[in-house]
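One structure, pasted below without further comment.
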Amino acid sequence: MPPLIEYDDATPEVRAVYDDILTTRKTDYINNLWKALAHHPPTLRRTWERVKSIMGEPGTIDPLTRELIYIAVSVTNNCTYCVATHTAAATNKGMTPEMFGELMAIVGLANETNRLANGYRVEVDERYR
Amino acid sequence: MPPLIEYDDATPEVRAVYDDILTTRKTDYINNLWKALAHHPPTLRRTWERVKSIMGEPGTIDPLTRELIYIAVSVTNNCTYCVATHTAAATNKGMTPEMFGELMAIVGLANETNRLANGYRVEVDERYR
Amino acid sequence: MPPLIEYDDATPEVRAVYDDILTTRKTDYINNLWKALAHHPPTLRRTWERVKSIMGEPGTIDPLTRELIYIAVSVTNNCTYCVATHTAAATNKGMTPEMFGELMAIVGLANETNRLANGYRVEVDERYR
Amino acid sequence: MPPLIEYDDATPEVRAVYDDILTTRKTDYINNLWKALAHHPPTLRRTWERVKSIMGEPGTIDPLTRELIYIAVSVTNNCTYCVATHTAAATNKGMTPEMFGELMAIVGLANETNRLANGYRVEVDERYR
Amino acid sequence: MPPLIEYDDATPEVRAVYDDILTTRKTDYINNLWKALAHHPPTLRRTWERVKSIMGEPGTIDPLTRELIYIAVSVTNNCTYCVATHTAAATNKGMTPEMFGELMAIVGLANETNRLANGYRVEVDERYR
Amino acid sequence: MPPLIEYDDATPEVRAVYDDILTTRKTDYINNLWKALAHHPPTLRRTWERVKSIMGEPGTIDPLTRELIYIAVSVTNNCTYCVATHTAAATNKGMTPEMFGELMAIVGLANETNRLANGYRVEVDERYR
């Protein structure tokens, strides 16, 4: 896999994104994902801008719930990296082990019933179309 | 696809589940999924018991958030039936079009970043293991 | 979607595959999938040869079980076409509604526990590596 | 990832499930998955009850075939943990390397043809609806 | 499903995106996807900006190849909408039925070998890490 | 996981495939995937024949583009093995880090928009059916 690009080795374009991450998140740590995406600055910049906006800006879904949704998708897709980092983020925002357990129960249930609906080829009820 | 089993044609075992659904949900309507699962009563009963418990019993995640998580998984798996029915359920519990839009933005973002992490084969940061 | 290529409109190369399907399966009907793949004869031929061999030749897994496995994958991937056709094939080979119900229960369970293992990031036990 | 909960550190509620696993399976070993799910006892209990019932109770699909189906789903979803443990379980129930090879051939074929059907957007034949 | 938002019913914010689509693509037609995303203007705008940039701006991968890649992902995810629209887009950019057939063969093959690698749990060769 | 079968331990049937790989690819190295598939010679042979044909024979899609498509599928399915080996193969055929970055951007975008189309349940436009 490609080497991670550390701050000191980054181009000014990449550093500008790293700086914005550090400032926005009030941290001194850059996650490995960003250091990998730094190999393609446009993707780094676009991805960070969307994460910053979609996960961080004011909205009608609270920040912790956003993380639960993120984890639900990542677990369904089996992305170990995203499960690990967003479980940490959710924990920082107040997720308890009890909440994580309930989240996993819902994710497991939905993954199961999705297949039951597929297998029995159930048509959408008239009223839900 | 197999015909749906209506209440009047159901066995007592199936009717008992239908009755519990009607009572628990305070409705007079049985969704098509249950009428399809009725072809295999043990799966009907087990699935309903888990839905009733995981989606309906008291817990640390509120009922609307549970629906958002359910939708996130169903959209990721492309289960049209589950997206339609749980979007209706979430709307009943207070989801606005604005919330649905934000939910889709998060689901889309997570599905994207999951692949960026896969493609760059990013290792989980020491601190998140 | 591209139009289906009927027998009378097929090239000799495509007809040769159609003929082999009709003979091997002792039927007078060509499924839509083959009529679609006929737009690219090499893919038609290679796919049929593998289906004929993997699903039809003698082996250690009986023909009905092969269909159950095929359905399990197709339901997991939400391929309506493959679920429909292989459910019909399995029924022809002796699958009862009871068996289909049990199959769906297993498929649903595996799809659920796959996610529980992902979410809790469970390491493979030493003894199962 | 969360630490595994060993028998000696488990609550009575968790121990009751562990005991049932040990007795039902006639083993002295608890798989890591259960020790991880023990962080959320309701999910541990519900999951075990379904595994016990769906994989272990009498039915029309034999125990080895159930494992083959389980593996087919787990391979399709790329769940390393479940592939490893259920390959071991299937081997215990009589799966030979030859059978595993045939299983993989079917799983690979179905994953391929599912996409061919998607790509050519093949409509389900009138007779299979 | 939510009604599509036509140009005449759109807010100025949505119209601005529609106008940019019409101008950029030199067309007088807005695809249904955009009319659906218009229910959440920030997602409409962000998605269009990325599509415009990633699919349309100069780069090292030619426009037709970008469409082939897009189709490969959409077929793997079984997204009928995206398969249909991007097959049309690719055809406009020069994709022949022969190319589509070869594309499907590669997509089918990769979906198959991905599972063979999962099932046999093959470790990445030292030289490819 | 099953041990890899090295050339010296292989049966004549397996060696014949290994020899064809070495000759066709002008290399002295056999990838781990083949050494794993060697446990089931028919699958080894059939898979190699298709890889040889689909990825290597003359066609309308150039060899590098074929690898990009292969990577797009493998990243979407999260197959680490296939991502690693085909990234190496693509690099050998001329893929630059810039191209890989653009590829990932397209793959990420398609995975996102696939879900937006699912979530809003967008119907295929009349003109693209």
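Quick notes on this structure:
Just so it is clear, A, B, C, D, E and F label the chains in written order, and each chain counts residues from 1 on its own.
As a working rule, a residue touches a chain if its C-beta (ideal position, glycine included) is under 8 Å from a C-beta of that chain, and two chains touch if they have at least 3 such contacts.
Since the model is a prediction, treat every value here as computed from it, not as a measurement.
By the document's definition of touch, common neighbours of subunit A and subunit D comprise B, C, E, F. A repeat of the A-D interface exists among D-F, E-F or C-D. It is D-F, with more than half of its contact pairs matching by residue number. Compared with subunit E, the chain whose C-alpha mean position is the greatest distance off is D.
Centroid analysis (C-alpha atoms only) places F farthest from subunit B. Taking the mean of the C-alpha atoms as each chain's centre, subunit A and subunit C sit 34 Å apart.
In terms of their C-alpha centroids, the spacing between subunit C and subunit F amounts to 21 Å.
For subunit B, residues that reach two or more other chains under the stated contact definition are 1-2, 39, 42-43, 46-47, 50, 76-80, 84, 98, 100, 102-105, 107-109, 111-114, 116, 118, 120-121, 129.
Taken together, the touching pairs cover every possible pairing of the chains.
Against subunit A, the residues of subunit F that register as touching in their complex are 78, 84, 97-98, 100-102, 104-105, 108.
Across the complex, subunit F meets subunit C through its residues 1, 42, 46, 50, 53, 129. Across the complex, subunit A meets subunit F through its residues 1-2, 39-40, 42-43, 46-47, 77-79.
Those residues of subunit D that touch subunit C in the complex are listed here as 1-2, 29, 31-33, 36-37, 39, 43, 47, 50-51, 54-55, 59-61, 65-66, 68-70, 72-74, 76-77, 79-82, 84-85, 87-88, 96, 98-99, 102-103, 105-107, 109-114, 116-118, 120-125, 127-129. Of all residues in subunit B, those touching subunit F in their complex are 71, 75-76, 78, 80, 83-84, 100, 103-104, 107-109, 111-116, 118-121.
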